[in-house]
Amino acid sequence: MIQYAAILLFVLGLYGIFISTNTIKMLVSLNILEIGLNIFIISIGFNYQGIAPILSSVSDTGLIYVDPLPQALVLTAIVIGVGTTALGLAFAKSIYQKYQSFDLNDMEESL
Amino acid sequence: MKKLFGLILFMGLGVLIILALNNTISFPKFGSVDLSDRVADAYLDNDNVSEVGSANIVTAIVVGYRGFDTLGEVTVLFISALGVAFLFSFKKEKRLDLKFKPNFMLKHGSKLLFGIMLVVSLYIITHGHLTPGGGFPGGAIIASGVLLLYLADDKFRSNIKGFKVLEGVAGSLFVIIGLLGLILATSFLENFIASGTVGQLLSAGIIPIIYVLIGLKVGSEIASVVDNFLTEEESA
Amino acid sequence: MIVNILVGIGIALFGFALQTSIGGINRKIVGRLQKRHGPRWYQEFIDIFKLLSKRGISHGWIYDFGVIMALGGIIATAMFMPLTVDIVAFKQFDNFFIFVYLLAVGMLGMAMSASGSGNPWASIGVMRALTTMLAYEVPFLIVALTIINVSDSSSLTAIQAFQQTAGNNWFIIALPLGGLVGVLSLMGMLGKKPFETYIAPAEIASGPMVEYGGKQLGMLFILHEISVFIEVSLFVHLFLGGASNIFIFLIKYFTVYTVVNLISNVNGRFKIDQVVKFFYKWPLLLAIIQAFIAIYLGWVI
Amino acid sequence: MSAVLLIAIPLLAAFISILFKKYSIYLLFAVTIFNIANVFLATEGIIIIGGFSPPLGISLLVDTYSKIALLLVNALVLVIAALNVKAYPKYGTILLLVVAGLNGLVLTNDLFNFFVFLEISGIAAYLITASNKKPITTFRYLVIGAIGSSLFLLGLIILYSMFGTLNMVDMIKEIALNNNYQELVLPFTLMFIGLGVEAKLLPFNSWVKGILGHSNTFSGPMIASVYASAMGFVLGRFITNLFNFEGMLLTVVLVILVAGIVLSDIMAFASKKSREILLFSSVAQASMIALLFVNGIIIWAVYLIIANALSKTVMFMIINKAQKDVGSDEVKSLQGLFANNLVIGIIFTIATLSVMGLPLLVGFTIKLNFLTELADAGQIWTIAFILIASVVEGIYFVKLLLKLWYPEGNLIKVNYHLSFKLVFAIIALALLTFGVYQAPLDKLDNTVDTVMEVVNNG
Amino acid sequence: MANIEYLLLFLVGSAVISYFLTRLNSFIGSIFTIFATMFVFVSLAAYGFNMNLDTTVSLLPWFSFSQTYLGFFFVIIIAFIYLMVSFFHPYFLDKYPYKNSYNLLFLLSLAGIIGAFYTDHFLQLFFFFEMIIWTTMFLIPQGKSREAAVSYFGFSLTGSVALLIGIFVIYQNVGRFDIQAGLAGISGTTSVFVFVLFMIAALAKLGTFPLHIWLPLAHGNAPHPFSPVLSGALVKLGAFIGILALIKINPIGPVIGAIDLALGQYIIAFIGSLSIVFGTLMAIKEDDAKKLLAYSSMSHGGYILVAFSALNGFAFAGGLYHILAHALASAGAFMAIAAVARATGTTKMKELGGMIHKMPITYLAYLIAIISMAGIPPMGGFISKWLIFQAVIDRGMILIAVAVFFGSVGSFLYVFRPLAALFLGQEFREYKHVKEAPLLMLIPTFIIMGLNIYTGVIPKQIIDFINNIIGENTAFAPVVATTFTVTATYGTLNAGLIALIFGVGVAIAFIIFILMKKSRKVELMDTYTAANFVHDEHLLHYSVDFYAPLERMYEKQSHWMKKFYDALAHKVKEVGKLAKYLFMSNNIGVTLIWILVIIVLLIGVVAL
């Protein structure tokens, strides 16, 4: 069920970018998109009986673990999301400095 | 009208993807994942765990098995910080004058709180291979501490030069450890220190060292990004 | 070879003499038509020799060279012309296309000297002559195409022989539409009344002959006489089955020339673009229909 | 000298270079020269990182194909950085990261690692285009780039969930075992779109007009030739080994690419600005390269990438330098540019003729050979479309050339630095000699083996 | 023992040398070009005639050459035209903006031509074809207009692209690029497809009806010494491709009963006749002498097409003969116009007049050239037209015949127009100082005059060589020809005799002229002007709108084709703008929509 919610969140992010013309709103919906994606990545590795992949000691075998790899990947994906958003905000700020508005439509010179 | 039309369209796309995923046989249903046919099974295998020596398998993957990813990912953060700094490189900066003026209590209370946050983040970073968490969350906590100081005191300017040096040194050390791995052991980022017994603090070879470096690097980078956003051109 | 050339020159002279005298006779006929006696039958000889004896003017070497080249071309064409099936200068070389194109050399010579004379009206006259030529030439060639295709040879003597053999009759009967087109284009070639804007006497001021006088004009008159001889005898050989002996040729020649002359006397005069429009409307259509019938359907009467 | 140094050393240099800002550009030169040397010495085959056998850890793949890519990328970055050292000194660190990112892209054999390097080079590209002083276009490039890479990640994760491994070689073996192409369509489409955004394929590249339309002597060549060729190589590796399209997916991709070529040529025909003409032509070349890879003509696609990269560097630099001095890149305002700088004119003409594919130049040999291969593959309609597009391309390039050669009215003063002339002359000579003397092109033909061979012989 | 490969390398080498020589001094450079072309022509002529040019390939291993009579026929004509025109270079080169590249490109295109006609591999044919196109494309703008070069390049590129697609279709069917095997190997619908593609290439290069917009532009505006090459030589490439398509491929489409000719051939003949009529009408209207000659070579291109599509021995021989005759005639005419343009600086008929008095030899050259062009007996044009007429009549193609006869008579009209406007008529004051063309320029004019007459009077050697070609390429019967006569289906033509008799006639006329009294010399201004005295010779010179009554009739329709192509270019620009709006719009939403569409398309299609 969470998987479907993740995909819908992903698609909602896309919708957000599609309709918004404000740079900050675009970045926010970009984040929504990335969050949806990260949740989807985590949902890939989930198992109802699984427990967190932290071993208390070498001996305990036979336990069912959740798939640790997606968690490692999501760690990296989140940080990459942070990187892109930081840069996006920086560009948004320089746009604001140049055009005194965040809205893409009313930038005067057509590009 | 365009909004509604767009919403229907994209929701349709979502539903379509869900349908497509449903009727692909080899895509495991949610929750019923058996690790046997996945590479993750090898990660959980006992002798592999003992060979890497890290209790927290996720950290084993993040820094051990897929250390190269993390190196790449740290570079991503590095370049974003660099980019933000590059975009706002003014001659003389001064603090963005916010309308909110903090009072005395906030200014000094936050310094105390910063100390506690620093200790917590150090704990999380050093115990990365035992308990959940590690370099990235620890680094984030350091940065949020710095952010707290910025918010609490509108005159506060952290030592940007210091953070830059820390960032550079941590990054280069990370790569140098990798190179050492190449020189001493067979391949880049290979573990050339004994991995000790699983669960001990001094276990899992180079993983904790790398995680500490990553924690410092992430903390300093995000801190400098925060500083860049909160400063503006000194209108001389 | 020399003998053939002499025979050719003989034919050319005979042609000149024949046409000049028939021209004179026709002047008398036309005179009679207009209730007057008309000049002596050898009047045209007199005009030509009078002009030749006069001292004319010359506008430079191209003015003279043009006239010489024109007359030379026409004489050469006439030398090729067969009178009857067996009187011909060069046995199997009297190809139909030679006549059409050597005439063009004559026309080119005259055009060059007319333009070379410096008088703009001469150039306008040349333009009119060329445009009319463009008009009447194409339907005539289409009919010639049918004739050559039907009689399976392009040499005039062979075409005559084809028409004189027992089974087939003259092309003017075998290809009726072709004959009609032939007459029309003959009138165009001769410059008879409806299409004579380019050499009409009334339009002398703007005709190609405007700058000529003396021997040049005389030579051009000779040129005109011989070209009429060539065109009429061409019509005779193509459409009236040529002649087995010289007398039949003379009779046919005389009848054709007088008939055309009479027709021309009752007509007005077209403007140049009317000439072109006329020739590209009816005669071309008839020629194409005739060719279609003759070649594809094979209905040769 | 293992190939991993090609990525590690630039990263190390980047981290160090932020400490001493001034020497970063010279550090870059040292690193790129080291990289070029290292490419020749690197041992081929699969290189393990972190000491774990392939399916567990990450591994790099080095073969002739990636060696050519590395050589081209590093050499071009060196040349472009050297030529722009006075105009854009501050970009040393960023260029080091570009080198690391692109080398990583080409070398990595792990899908997620590929995503990370895609992101690194993407962000570096955003910073390079920031030098255009047009934040809106860069912002738009950032958003579309982020969407593209997220789609790529989504496809990647679906593949992982299906086959359990992230290592490309294993993934190919698993796919071969599974051989139910029906399921693979969703992930492959997502990944193709992700790559398509970065490789400038037609429906996804609305950012190109803004970026290259306002490029300068530094960002223009970097995006148009360095990034284009790196993405070309990478796209080739994915298409030939991982995707190998079939059935409905193949036809749709072919339609996209062919429409891409024809439409971008028509767009170039309809544009008045010289930079726009160049950018649409490079979009057309990108779709052409992708088309060749889809049809499995690898060696000529590689030569096309190299030739296109070289000639586009020359063309973009010349036009951007002229635009900077004259102020506008309208073809009318650049009229008669070559009247007084003849050498640059000849070089630009040679480059354009090579892009158009006229004889005596390398473009022609490449065009003829890949058309022959297409004919072998029985794709007459694709050939027809490519050639019709090349007619339109020929006309708009000739119009551009003749306008640039023949001045109307006042002569414009644009002077090019001697180093510009020298470097471009070498490139132009290379285009000319390889056009006439084709032996080396065929020699290299049989040494390029794809991942397939590596997969089979382990 | 000349080797083709060395010839090519020699030419490329001399092209580069001439580049540097012309940088020093344009005179020396041009003289060097003359010697280079002369050397090539002489070695080609010496060894090529009896086919013992050595075709071994050592330095350029991937080229392969083979000798054919057909190829040699074209190469020798074009090389000859190149040689004749190179004599003009020393006097014309200083006026051009990039004069040193002129010689380079000139020699490079000659190398391309030799290569194109001697190769037996399709791709190399295309390689040389393209080389010729882009080298000549850079020569044309040195004249007056850039737009001419763009339209020239556009149409030639369309042609060569059609050729390339055809080559690949053949390669796909036959599997090899060999020309002879390839053309023989295809049959059925592919041969029709390849036939259409090759014909597009031929029509584009010949500049015939549907694709002729570039011809008047390119010839009219090309640099003066280059127009003869362009019309005399380069147009013949199209004829070569036409032969490949019409004779070699010869698709077996539905046959038209009455004239038992395949439909494909008849359509091409119809296009040829359309271009004859169109060319003649446009030429009659044209005011610029070079554009007029361009339209004339368009209508002669039509003749060549009709000849090759009539598919009988005489037509094929007539077509080849016409290629030779037209090449010489149009080269001669263009060189005369170039000489006049060099002296007076303009080729517009409005501004010229009375050149005969100052440049009599150029006048004579032009006269002989237009006599051959109009197809009047003593010159070569007449024999080739006569052969073509025989074939047209023999096949009974009436509509084509109408056009062919209209063309031959019409050509008389429009060739006479420059004669009257440029050379004859009043002598203008401003051209008093004009002197005859220098000696070096007169040499080629004399040679071409002689050749025009030679091809008109002694057809034997040419017909024999053409019989070799017929034997090599087709199954038609060779044309019987003795030294002076040519025999065809409907009788024999004694060219020598006609010339002799014409001489006799002129002699007689001359005797008549001499016998009579000498006429008084009167200068040109003193003419009969019905009493209104005009003192300005410009007013007395009738050259503008020479055939006014004729021109008025089709004034409106004459711009249809030009408007069609302008509209086409405009349409493509429209599509470009639409595509830019669709794909390159500034808001990201559009790209998202495209991503969405493609995902939905692919998954939806696969799922269903």
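By written order: A, B, C, D and E. Residues from 1 in each chain.
Here is the rule we go by: a contact is a pair of C-beta atoms (placed from the backbone, for glycine too) under 8 Å apart; a residue touches a chain by one contact, two chains touch by 3 or more.
Since the model is a prediction, treat every value here as computed from it, not as a measurement.
Chemist: Which chains make contact with chain C and with chain E at once?
Modeler: For chain C paired with chain E, there are no chains in contact with each.
Chemist: Measuring centre to centre, with centres taken as mean CA positions, what chain is farthest from chain B?
Modeler: Greatest centre separation from chain B goes to chain C.
Chemist: Please name the chain that ends up farthest from chain A once chain centres are defined by their CA atoms averaged.
Modeler: Checked the centroid distances; the maximum from chain A is C.
Chemist: Whole-Å distance, chain C centre to chain D centre, using C-alpha means?
Modeler: 78
Chemist: Indicate the whole-number Å distance between the mean C-alpha point of chain D and the mean C-alpha point of chain E.
Modeler: A distance of 44 Å separates the two centres.
Chemist: So how far apart, in whole Å, are chain B and chain D when each is placed at the average of its C-alpha atoms?
Modeler: 31
Chemist: With centres defined as the mean C-alpha position, give me the chain A-chain C separation in Å.
Modeler: That gives a centre separation of 98 Å.
Chemist: Where in chain A do residues touch two or more other chains at once?
Modeler: Those would be 10, 14, 17-19, 26, 44, 69, 73, 76, 80, 83-84, 87, 91, 94, 104, 111.
Chemist: Spell out, as numbers or ranges, the residues of chain D touching 2 or more other chains.
Modeler: 112, 116, 119, 123, 126-127, 130, 143, 147, 161, 166, 182, 185-186, 210
Chemist: Provide the full list of chain pairs in touch.
Modeler: A-B, A-D, A-E, B-D, B-E, C-E, D-E
Chemist: Taking the touch rule as given, give the residues of chain A at its contact with chain E in the complex, in rising order.
Modeler: 14, 17-19, 21, 26, 104, 110-111
Chemist: Considering only the defined contacts, which chain D positions touch chain E in the complex?
Modeler: Chain D reaches chain E through residues 140, 143-144, 147, 151, 182, 185-186, 189-190, 193, 202-210, 248-249, 252, 256, 263-264, 266-271, 339, 353, 358-360, 364, 368, 371-372, 374-375, 378, 380, 383-384, 387-388, 390-392, 394-395, 398-399, 402-403, 405-406, 438-439.
Chemist: Can you tell me which positions in chain A touch chain D when the two form their complex?
Modeler: Interface residues on the chain A side: 10, 14, 17, 23, 26-27, 30, 33-34, 37, 40-41, 44, 69-70, 73, 76-77, 80, 83-84, 87-88, 91-92, 94-95, 98-99, 104, 107, 111.
Chemist: Please output the residues of chain B touching chain E within their complex, sorted ascending.
Modeler: 6, 9-10, 12-13, 16-17, 19-20, 23
Chemist: Touching chain A in the complex: which residues of chain B?
Modeler: 2-3, 6-7, 10-11, 13-14, 17-18, 21, 28, 30-35, 38-40, 43-44, 46, 49-50, 55-58, 60-62, 66, 69-70, 72-73, 76-77, 79-81, 83-84, 87-88, 130-132, 136, 197-199, 218, 222, 225, 228-229
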